[in-house]
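Here chain A shows up in two complexes: once beside chain B, once beside chain C.
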Partner chain A sequence: MSRYFYYLVVVEFVGSILSVIPSFLFESSKKGTIMSMLLALLAGVAFIYWITKFFNHYPGRGLPELLQQHIPKWIAFPILFLFSLAWFIFGLKTLLNYSFLLKRFLLPHLQINWIIALLLLFITYSFFMKTKKLLYTLEIVLFINIPLMIYIIGILYVNTGLDWDYVKKSMMYVYHAPNLLAFSASFLIFIGASNLIIVNREFKNKQKLTTFQILLLCVLGAWILFTNYFIPIGYNGFERIQYINFPWILGTDSLKVALAFLERIMFVFLFLHISVTFVNIIIFWHVSLELLKSTAKLVRRKQKESNMITYIFVLVVWSISLIISMKITESSYLMYARSLFVAFPPFFLLVLIVCWFISWRDKHDNRSLKTN
Partner chain B sequence: MITAALKQTRWISLLLILSLLVPIAAGCGTKDIDKRMFVIGVGVDKSDNEEKPYKVSLKVPVPMNKKSSGTSPGFIFLTEEAATISEALHLLTTHVDKNLEYGHAKFIVIGESILDEDLRVVMDIFLRRREFQQTAWITVGKPSAESVLQTTPASDIPDINILFNRFSDIGTESSYIVSIFLFDFRRQLVETGIDPIVPVIETNEEKDKIIVNKAVVINDGNKGKLELTTEQVEDYNIITNRLGSVKFELGVKSEELDFTVYIDKVKSKYKIITNNNKPVVKMNLELTGVVEESTKRLVQHKTEEYSRLAGAVVKKRLEKFLTFLQKNEVDPIGFGLRYEATRLHTEHIEDEWNKLYPELSFDVTVHVKITSLGSIE
Partner chain C sequence: MLQATQTLEWLIQQLGHTTDMVNKPLKSNQKEATLVFIKTLVDSDKIQQMIIKPFFEIETRGNFIDYLHSLPDGQEITSQDQMLSELSKGSIVVSMNNYLFMFDIKKVHTNTVPITSLENTVLGPQSSMSEDIHTNINLIRNRYHQPTLTVEMLELGSKSIQTLAVIYDRELVDQTALEQIKYRLEQLNSKPLIQSTAELQRLINGRKVSLFPFFMITERADRIVYNLSVGKIVLSLDGDPSTIVAPAIFTDFMAAMDDKYHSKIYTKFVQILRYVGLFITLLLPGFYVAATSYNPEILHTELALSVAGSRVGVPYPSYVEVTFMLIIMELLIEASIRLPKTISAAATTVGGLILGTAITEAALASNIMIIVVSAVAISNFAIPIGELNSAIRVLKYVFILFATIAGLAGLTFGLLAIVMYLTNSESYGEPYLKINIDLKSKGEQQ
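What follows is the complex of A and B.
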């Protein structure tokens, strides 16, 4: 696969660490999170495998083009619109989570709507970027951040503060039946590949996902899930970890390093994470916008180039984000996120079904062409 | 012409973006470092006033001109009584002209008097507020947190350093000192299978001396506390060897001769075995060291015998220490945690352990390896 494909997957992996995902995992830490993580690993890798296999069939074409070709307009329209909405929500939930973190740990005196406005200012710029340029941005950001993040996670693993007895104790809960929320939360780590529905337009060469590459993703995913769940347990203990709102922040704050003038590495980690999450939001909303544009194209006959949709999108993003930021609190955010997370796995099943339907129609069409 | 127009729009858009950034500048904290005071130690005591049970004291360094005030930086102490810790902290902001910052609070000193309270409640603020470092050292102040923070040593060493250096292994390297970080304290406090052990800082009446060589084990479920003597602290350090750098003097007394071994490497492992009818903790220690002092001439070919003698001493000491902990129903080493970490979870595992712990016997095997008899025989 193209290296950009890995970036898409990895940005999601890395971004998961400081998101709400670990909190949701800990919520059921005594009720079978480990089983759910194992299941989610299988489901996630299978999802990546199927979606890339599908798009590898159609190099250089995104989902909207394929839908247009094989499916009647009145079905394609709601599907595209729904997908666009879903990707918008992914972006929104990441943005909110990220501004809560900023507010709590870096900018305690700034209003949350100001933080969001500041971020949106830069995110808006990305709406006018081409997909290709976006991928370049992604590459640069990951190149700068990933080595340092791996370094910090490495320190977390070898530091004496990490007590493996707590980790082992949490592993003793392995036989409990899986839990839906924990499954959904850990499955969400693997959705990065689904951005292919738009990004595949840029992958114009024939791609192939080899067995080795699948194994690599599998190992990487397992490692990230392991780190996500067990490292905070090793630092914060197992009992009552579900009551910690930001287990990873407390975990990284438990490090005392002697790195130049740095002693408290938590803020560095937060900064690194923030830049990764930033590109994550940009990608989600870019996909959402592109889907919206394609939806509009379906309705309009004339293929006229205009930025109208983008402007509307900017307006919508700004107003919705700001309105929500004024109403939402950390706890209500968690409540909404919880119900949203449970809805995500079925949604991605729908994505797969749409893909499968297209490829079935494709084969069907080919056959009928031949008989004619 | 076209390029000129393009350039113009570019400039305009840049100006627009910059003008949008202007209101954000108001968000920058306008308090410079000279308007802030960095609290270095927080002490919590119990006051006599029932309505205001918490007595909070802060130690704040005041930067001074070196020429006018000698070498040691000055400190100010702030004390206030209030119903809650946060209220006290808030009240204390009115005692100074600058903003109090807690991001550099390295010490949280709990007064001896407050140990009987539920420490989860006392510690809550330090975990909840974002400013406090998770790597602050938790200590017990004797006779009170306030007096420990007020101590100014007679020597001209900057006085807070005498605390830093002890716990961080930078200055003093002693096996008589335990140190515990806030995050570690929290996790041991809430976990059922392990009890936190906190160093005790003692100060004399003149407040010019600080001694740290004792510790307190705080029992879960608020059952009380157990004080450890200096030697017991060392035993604890040998068994856990948390930092991997425990070094200690081991005095060996036998019928023929007395000698001291300096142990500089400790490896310890333990296992809880319940298969047999009698549950037992099998502990294995490997110590490496050199002889430092002796009353008689030591001979090379008897090194193994000396090792055996030293091993027997350690074995006896540790077994005594472990039974002492067992009798007092505390578990700072975390046997309970290990028990739960090696057995599949069931609903009754905690009760099982609580029943099991008093019946445990300890089987300590110690191998001492004396690598050298020193420069002289």
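What follows is the complex of A and C.
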């Protein structure tokens, strides 16, 4: 696969550590989180495998083009619109969590809507970027951040503050029936590959996902899930960890490296967090915007190039984010996110079904062409 | 017969008002000829050697005309206007019977090749380009012996009529970039005066506002030749020792020519040093603001305490302190560029007094601030190419603004915004900032 594909997957892996996913995992830590994580690992890798296999059949084409070709307009329209909405919501949920965290740890004296406005100011620029340029940005941000990531996680693993007894204790809860929220939360780590529905437009060469690459993703995913769940437990203890809002940040804040330029690991971690989550949001919203553009193309007769949709999107993003930021609190955010998260796995099942349907139609069309 | 004399009369009439125009009739036993030229532009020794002496030595008219035909400096005559413009560039017109000849015998005072002054290197060639375009092309051709090297001459500026050479390797050049550059050059016809390559660069940039350089301006022949060999286009304007290289991307501006001459490990070390310098000069002032006023907890406790301690008595908030000190530093740099060499020593001494201990003793800035300002000033000059240098010089104030609004978070957003802006920019179809990894295995590259 193209290296940009891995960036999409990896940015989601790294971003997951910094999102609400760990909190949701701890919520059911005595009710089958480990089993759910194992299931989610299988489901996630299978999802990556299927979706990349599907898109590798159609190099250089995104989902909108394929839908347009194989499916009647009146079905394609709601599907694209729904997908656009879903990707918008992914971005929004990340943005909200992001700004809560910024307020808590870096900008305590700014109000949440100001923080969101500040963020949107920078994010808006990305709406006017092309997919390819966005991938370059992603590459550079990861290029800067992956060494930091390795540094932080390396230190977290070797530090004596990590109490493996807690980890062992938490492992004793392995024989429990899986929990839906924990499953959804851990499945969300693997959705990076689904950005292919737009990004595949840039992969113009024939791509191939080899067995080795699948294994690599599998191992990486398992390791990220393991780190995601067990490292905070090792630092924060097992019993009451579900009451901590930002378990990862508290975990990293228990570390001090006296010899480093920045003594407290937490701030290195926050820098990593700020940049990785930022690119995460801009990718989600870029996909959402591109899907919206394609939806508009389906309806309009004239194929005139204009930025109208982008301006509308900017307006929608600004108004919705600011309105929500004024109404929402951290606890209500967690409540909404819980119900949203449960809805995500079925949604990605729908994505797969749409893909399967397209490939079925494609084969069907080919066959009818041949018989004709 | 009529045409030649008429043309000559027209030329004389057009140039008649200048006192340095010479209209010299020559007469030997059977032959008659007229020379027209502008005395201040031509090489009079050459006229003597090339035309006047043979005129009296060669017996017959026919032989002399054959002799004139055989001279290598002869120019083709296409129109009266062309003759007039060539005359004003230093050609001589010889009229004999009904024949008109034109020779290029201009005298150039700017063809000395100076030592590099802007892009100095320790190893490698030391001479830069001259102010004469033919000397420059000669310098380039002497380093790049390829038959595919193409030189196209254009004329720029409706008043100054400067010669511009577009130089490229025909086989390697990126055709779309070449077409775009030529198109942009054609659009320039209305400009009366174009005197420097930097001005030309700004005019064909195609952007109304641009901070980052999208062309490289260089005075080094070895850099020009290296760029030609990788398929770039070189524009050289008559009368300016610096040349334009296009397309140019971000990493080009971070490379010095020494990088090719030193050992590999040393080169890598210096390159890393340059990037460290880039980040220091860009981020350190903003980081100071963020770390003193927003997030002092990110520093080591001892450092945070000593920063706070050295700021005791400073009445202003940190962003005022930083901006104030940086502006004094910028003024100092500006003054030392503009002032004559004899006075600039005085300026730096006085400036050094301000930026030295006096300002901390007056409690207008902290001691650490002095270190920050000096580090910023020094590391700014670690960036090898001047244009990027000045872009970064401006950009650090934007980062101070971000840090003032949102501390460390603002600084990070600013960095991300710059990355987005740079990756989104293009220089003639080439992405401006991109990590190039060449993966060997098939299917990996897109």
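The definition used in the following text is that the second predicted complex is superposed on the first by the 369 of 372 C-alpha atoms of A that agree within 3 Å, B and C clash if a C-alpha of one lies under 4 Å from a C-alpha of the other, contacts with A are read in each partner's own complex, and residues count from 1 in each chain.
Going forward, a contact is a pair of C-beta atoms (placed from the backbone, for glycine too) under 8 Å apart; a residue touches a chain by one contact, two chains touch by 3 or more.
Keep in mind the model is a prediction, meaning the values are calculated, not measured.
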item	value
Which of chain B and chain C A:L118 touches, first, second, both or neither	both
Touching partner for A:L102 - first (chain B), second (chain C), both, neither	second
Between chain B and chain C, more extensive residue contact with chain A	C
Touched partner set for A:Y4, first chain B, second chain C, both or neither	second
First (chain B), second (chain C), both or neither touched by A:I140	second
First (chain B), second (chain C), both or neither touched by A:F278	second
Touched partner set for A:F347, first chain B, second chain C, both or neither	neither
Chain B versus chain C as contact partner of A:L110, first or second or both or neither	both
Chain B versus chain C as contact partner of A:R264, first or second or both or neither	both
First (chain B), second (chain C), both or neither touched by A:K204	second
Chain B/chain C common contact set on chain A	107, 110, 118, 263-264
Chain B partner contacts - residues on chain A that touch it in the complex	30, 104-105, 107-110, 114, 118, 121, 160-161, 163, 165-166, 168-169, 171-175, 235-240, 250, 253-256, 263-264
Chain B - residues contacting chain A, complex	17, 20, 24, 27, 29, 103, 127, 130, 133-135, 181, 183-184, 186-188, 190-193, 242-244, 334, 337-338, 340-345
Interfacial residue positions of chain A with respect to chain C in the complex	1-4, 102, 106-107, 110, 115, 118-119, 122, 125-126, 128-130, 133-134, 136-137, 139-141, 143, 202-208, 258, 262-264, 267, 270-271, 274-275, 278-279, 282
Footprint of chain A on chain C - complex, ascending	294-295, 297-301, 405-410, 412-413, 415-417, 419-421, 423-424, 431, 433-435, 437, 439, 443-446
